[in-house]
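Chain naming follows the written order as A, B, C, D, E, F, G, H, I, J, K and L, and within any one chain the residues start at number 1.
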Amino acid sequence: MANILLISGSNLELLGEREPEIYGTTTLVELVEIATKTAESLGHSLEHFSTNAEDEIVGKVAEARKSFDAIIINPGAITHYGWSLHDALAAFENPIVELHLSNPHAREEWRKTSVVSPVASGIISGFGADGYRMAIEAVDGLLKKAIQ
Amino acid sequence: MANILLISGSNLELLGEREPEIYGTTTLVELVEIATKTAESLGHSLEHFSTNAEDEIVGKVAEARKSFDAIIINPGAITHYGWSLHDALAAFENPIVELHLSNPHAREEWRKTSVVSPVASGIISGFGADGYRMAIEAVDGLLKKAIQ
Amino acid sequence: MANILLISGSNLELLGEREPEIYGTTTLVELVEIATKTAESLGHSLEHFSTNAEDEIVGKVAEARKSFDAIIINPGAITHYGWSLHDALAAFENPIVELHLSNPHAREEWRKTSVVSPVASGIISGFGADGYRMAIEAVDGLLKKAIQ
Amino acid sequence: MANILLISGSNLELLGEREPEIYGTTTLVELVEIATKTAESLGHSLEHFSTNAEDEIVGKVAEARKSFDAIIINPGAITHYGWSLHDALAAFENPIVELHLSNPHAREEWRKTSVVSPVASGIISGFGADGYRMAIEAVDGLLKKAIQ
Amino acid sequence: MANILLISGSNLELLGEREPEIYGTTTLVELVEIATKTAESLGHSLEHFSTNAEDEIVGKVAEARKSFDAIIINPGAITHYGWSLHDALAAFENPIVELHLSNPHAREEWRKTSVVSPVASGIISGFGADGYRMAIEAVDGLLKKAIQ
Amino acid sequence: MANILLISGSNLELLGEREPEIYGTTTLVELVEIATKTAESLGHSLEHFSTNAEDEIVGKVAEARKSFDAIIINPGAITHYGWSLHDALAAFENPIVELHLSNPHAREEWRKTSVVSPVASGIISGFGADGYRMAIEAVDGLLKKAIQ
Amino acid sequence: MANILLISGSNLELLGEREPEIYGTTTLVELVEIATKTAESLGHSLEHFSTNAEDEIVGKVAEARKSFDAIIINPGAITHYGWSLHDALAAFENPIVELHLSNPHAREEWRKTSVVSPVASGIISGFGADGYRMAIEAVDGLLKKAIQ
Amino acid sequence: MANILLISGSNLELLGEREPEIYGTTTLVELVEIATKTAESLGHSLEHFSTNAEDEIVGKVAEARKSFDAIIINPGAITHYGWSLHDALAAFENPIVELHLSNPHAREEWRKTSVVSPVASGIISGFGADGYRMAIEAVDGLLKKAIQ
Amino acid sequence: MANILLISGSNLELLGEREPEIYGTTTLVELVEIATKTAESLGHSLEHFSTNAEDEIVGKVAEARKSFDAIIINPGAITHYGWSLHDALAAFENPIVELHLSNPHAREEWRKTSVVSPVASGIISGFGADGYRMAIEAVDGLLKKAIQ
Amino acid sequence: MANILLISGSNLELLGEREPEIYGTTTLVELVEIATKTAESLGHSLEHFSTNAEDEIVGKVAEARKSFDAIIINPGAITHYGWSLHDALAAFENPIVELHLSNPHAREEWRKTSVVSPVASGIISGFGADGYRMAIEAVDGLLKKAIQ
Amino acid sequence: MANILLISGSNLELLGEREPEIYGTTTLVELVEIATKTAESLGHSLEHFSTNAEDEIVGKVAEARKSFDAIIINPGAITHYGWSLHDALAAFENPIVELHLSNPHAREEWRKTSVVSPVASGIISGFGADGYRMAIEAVDGLLKKAIQ
Amino acid sequence: MANILLISGSNLELLGEREPEIYGTTTLVELVEIATKTAESLGHSLEHFSTNAEDEIVGKVAEARKSFDAIIINPGAITHYGWSLHDALAAFENPIVELHLSNPHAREEWRKTSVVSPVASGIISGFGADGYRMAIEAVDGLLKKAIQ
């Protein structure tokens, strides 16, 4: 049984309302529910941490080194310039999954840089709410592989 | 009558003291006074929100979607890299005015990128303290146009 | 009482007809009327100079050094490549306001370079017709500040 | 029940042998097996098409417009320069999933451009063999969403 | 029957004499004759407008909105930096053909940017004098297609 | 009488169906018919060669050196990266016409590089199906000029 | 006797544990101890301020204008994108020392931009824990020079 | 005896008044006098042509092909973007001297591109008024060398 | 005794005829003869594989992993964009020699990128036909060194 | 006791006279004195090597491999382009300190590249003469750490 | 009477022989003779210093600060990368003339950067041997102006 | 019988000791021996010239124009910035072979520019010590071809 930390970055609390043609109509609460159920069905526990502040994510990731087996992170726009987040994640030694509801590579130029990608185990983007289920299952897979 | 939110970003609390040859000698309190008076003379109310933290602006803008008719924002240096602010403002559906005391295009190269400009209704820069009166009046104009 | 020169650059005579979703439905004649009335109400006189030719603007700006207290200029697309205009304005010692109906920073990449911005006192963009009133009032403010 | 086309591009037949520290030890046959089983368990059929030739993928994608409900594609290095593949996929109207075993964004600079990403519904990268299961399930999700 | 405006930009009056190894030996008068004959044989009328001044082309294009069914334009070197011309053509709602005697893409780097291409219906380059006949016939085709 | 080789590159067999708002509704068979009729009416013969594979075009162009008087080529997206095609065409000594249905310069950034343009006699783009008639006539003109 | 402010930015609380092959094995507490002892031995007092949040550093630097004679700052990854920090430091009139444990110029490309360097009096990087002693002594030197 | 054409481009009529710390205090009339006297002392005649309009320079250079033995040109800021001027000068077959009062390479980045340099015989910059004497003598030298 | 695979990429079958001032007058058959004789004189066997198709080279290199001791490859223009070839060669564990008849670094800008160079043991370019003899001898040297 | 080599590169013999507002008023002789005294007080010996010639530094560094325990180098402007110096230092296995009197990152763009930084143990810049004391002490620290 | 230092940089001793179509047929001895005679006729003395070594020029310029009134320098290819030369000249307080036989701006891209131009009083290029006479006379002019 | 000049540039005297995993274990003396023996076995004489100083190579190449039939040059890191060397070699009319022990294209970005390549007859890199034998034989081939 693993402890999984799900981190939601900037502007994600608006999900469901904000630009639904891009981000879909599911709310953050519903997304977390999807993730939690998937985690529990696989025997894992999930903690959700949501903030607009990069420094709070950095702090949370630092603590997570001792208490979590994996991180799933959708940093919102912090993805594209939060190099402190990069360094925090670089120091985390377990699996990291980068998760986006939309596909940033099909959008503006500045969304093509990700500070997380160079330190992520894997990336899932463009599948909307279903990405949350996928990410938990992917973490489950990565953890099993690590044990082998 | 409209509710206008005036947002002051990083380093603006030093106004009046910091590099007066660039930013002028008016203090932030005085600037807000100018804006408030102008707003009231036009029958609007003004709330001022001041912080050095991008995440707090992001949170405030998210709330503002329900309660404000317009945003005037002088983000300070957050202008040039705060892409979370961009996404927050992109989700705000009423008028947005980007406001700068100095003219960033006449300064360092990195000041030429603005994360706010692509989502702003209009931009005012370089008029010092008078820009605050102009911004309120400009919002007044944008709101009247929207009603027509 | 000040003499203000309002300069209209390339393609502005089409205003009201051309791409109204970007430039609005007000004609150039109407814009000048707005500016004139505002100027007169503040005790200033306004001369309007309109041309598609950069060289004619350059010539007018050169003459203006002797006879005008401020320049408001909407150069149209000359904004983005007319370096002779830059040099002409650099030699003008009174306030210069750069004015655009739309917000160039929210459009094509090539509209992000302005030859005027480095030599402008202030910039107003994106407020449509109302920008003309704002520019006159801004000039009034700049001139008062200069006298102090 | 849906018909899913799984496309394997250049150098994938070497999987299991070639640079296992990057691509893992699973062979292409095994990967297809994972995908097939997942598809069947969800009531879908899967066809696998494997080639080193971009033009053959282009031809296959063109045919697929009539007979397949979704495409999952791991183009190998064709990902990074095969613009004909881009155009072929752009003309395919059902869901497209871009799939990579490793995370290209954590490797050489030239692997950061993908001709597929701008036309993909979603992207999965860095999960090794497990990505094949994930991709099928993601397609299942996308198809259900399309029906709603 | 359509009114076609043929515009010749900078340095074209030297044609026939200037760098004949690049631009051929036909004079501008002869090119216009070719265009006129082709137009008349198809039942159209042609007006030719020739100038070295971008502003005069801008003015002519503005007028042309009311009186011409199509524009064929060989802007000479104005092609590569005349953004006012871009904006003027963007406001013209009928077909626009960009025409060059030589093939700019086989020459200096700076000739690869065209301010006209983004707003042109079609482009013909490198066929020397014969391009003028081709352009008229192409306009004829575009107009017929528009009627359908 | 001349032998003309018409080459159709990647994704052109989908013409008429694929993205008709960009490429029109004419099919490749119809385009070839237009070209053939125009060629025959001018006393020339036409061979059409269609493939998604750059290497097959390269091979065909190599053979064409002995048996064709001109090449008309619409390479599809191979236009933008197929440097082997560039070298093949560079070794062909008779006229080469580069042909596109749409205007690549009004589309994505990557469509602005053409490997064919530096070795083409002339370029025709943006005229849809009519471009095929134009290209044949242009070749006819180039061959007549070569004889003089 | 001078008051020195030592600022520790993002991810520094992990020092000693995080990537010791890059950052060494000394903890932040130990580094502060080194700095404090050095300061005291030179007759100065030291205050340490540690946070992952750029805005808190910005606020602290603003206050420091009144109460500190020098700032030593190791901003962590904020170094590379925190332009608000740049503006805060630009308004501080006493000596500023930029301090890094490792040598950023020998690492990733994005670590070569520093928002602090343009406003720093001096830079010390790559000496690990010893850099903290060096920085205090350097400040001592800068202050003595300022007095002369 | 040779006919020399001296061309003055944009903003040069302000010389002597405009930014004297860069351009010196000599007026354009005085500069022409220096050039005329030097020319006459060497047995040459000089015509001076002054305009802010690139198109007029282009027209003048076209005429000059028949009647002048050399061109000396100080194009003002047209130097940096007037590609039509480039093409006009490229068609002039006698010596061309590019002349600047100040040294553009010691100023802003955009002043480092010259459209004239690639087609100039020689360049003189930074010598202020004395450059006009130098340019005439340089032309004299170039013409003598051409005769040999 | 070693098995050497010599691979000839795009457009090489035209050698001897195509642009002889760049590529020389020796035919591909003769080049292979030179290579074969040199190989045999050193006790090695040589297989030659020639194609215009990148995918066939990729396939051949994949097979070669089991049966060849070294690869000599002149990829023609595939050198400059064939990243699938890069990946194929990266998986080959014996010596690889990149071979060009001309010196690509003395030609067009786009010939300066080679997808092969980062994975080649050594490079020989610019020696024309003699390069084939040199490459075989170089392979002989590399193999002997590997044995030591 | 360690042997330290202090290397002074181009233009440093002018120190004290040349641009004192940038480089201070201390002469090179005085700087060496500071370094020598600091070294001796720590029980080390110092040799100073001064030259304007990169090749002489390269030669000296090569010899130093056998006889010195550390190098401190202020290369002057050789810092920014002397790649031979880079290679020489890369072959030196003991500590290397890069030292600058001023802070190159606060100056011209070209001063931001350092050929030394990628191979330096640590960097000290902007502390003027005091940097020489600091560098010696830093070397002392690095050597002690190496012994542990 | 002034002392003028003429400096000849790399490869200039080959003048007269090397690539005469670019550099002319005059030898360095003859160029110096031209310069000397011109200097003497104006009452000045000239010393010539010729070397292929940048460091020797740097040393000579350092000495020249005490004994020369002006420097004329043709650095050869050192012009394009010798930043130590830049710093040496930046410390010379009297007039500096940059001199080239050919016009570097009409040649390869890398010849467009000059380390000397930012610190030169004036530039003369493209006039061949006559440039040496011009440079002396220009220095004479600069010195007279300095005296006024 | 030909005279061959072998030039060794910066840092090559350290060969055998310096970074043997990149440059191998053969010393420069041994490399010269290999070259000399190969030259003599082919009836040629070899002179070796070794220096860290670019200017000495420039001087040697200038002399070599009279007395040598070919140059083989391994410039060390001078390869990447020594444009004076470029100009010296450009003036040498006999064969030039650029030689590197390692393959610079598989290393740092800055090693991908070579000032020698644009003027080299041929290039050999990555074959270690064996490259010296190859280079001599290649020169032998080039000289024989020149005679034919």
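Just so it is clear, a contact is a pair of C-beta atoms (placed from the backbone, for glycine too) under 8 Å apart; a residue touches a chain by one contact, two chains touch by 3 or more.
Small disclaimer: the values here were computed from a predicted structure and weren't measured.
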Query raised in the report: Can you list every chain in contact with both chain B and chain H?
Result: C
Query raised in the report: Using direct touches as single steps, what is the fewest number of steps from chain G over to chain J?
Result: 1
Query - Between chain F and its twin chain K, rotation from the CA superposition, multiple of 5 degrees - result: 120
Requested in this report: Could you tell me which pair, D-F or I-L, is linked by more C-beta pairs in contact?
Outcome: I-L
Query raised in the report: Distance from the CA centroid of chain E to that of chain L, rounded to the nearest Å?
Result: 54
Report summary line: Whole-angstrom distance, CA centroid of chain A to CA centroid of chain K, is 63
Requested in this report: Please list all residues of chain D that touch 2 or more other chains.
Outcome: 53-56, 81
Query raised in the report: If you go through all the chains, which pairs of them touch?
Result: A-B, A-D, A-G, B-C, B-G, C-E, C-H, D-F, D-I, E-F, E-H, F-I, G-J, H-K, I-L, J-K, J-L, K-L
Report task. Over in the complex, which chain B residues touch chain A? Could you list them? Result -> 53-56, 58-59, 62, 65, 81-84, 86-88, 90-91
**Report entry** Residue ranges of chain C in contact with chain E within the complex
**Finding:** 9-11, 13-14, 17-19, 51-56, 76-78, 80-81, 110
Query raised in the report: In the complex formed with chain A, which residues of chain D make contact?
Result: 103, 105-106, 112, 114, 117-128, 130-131, 133-134, 137-138, 141-142, 145
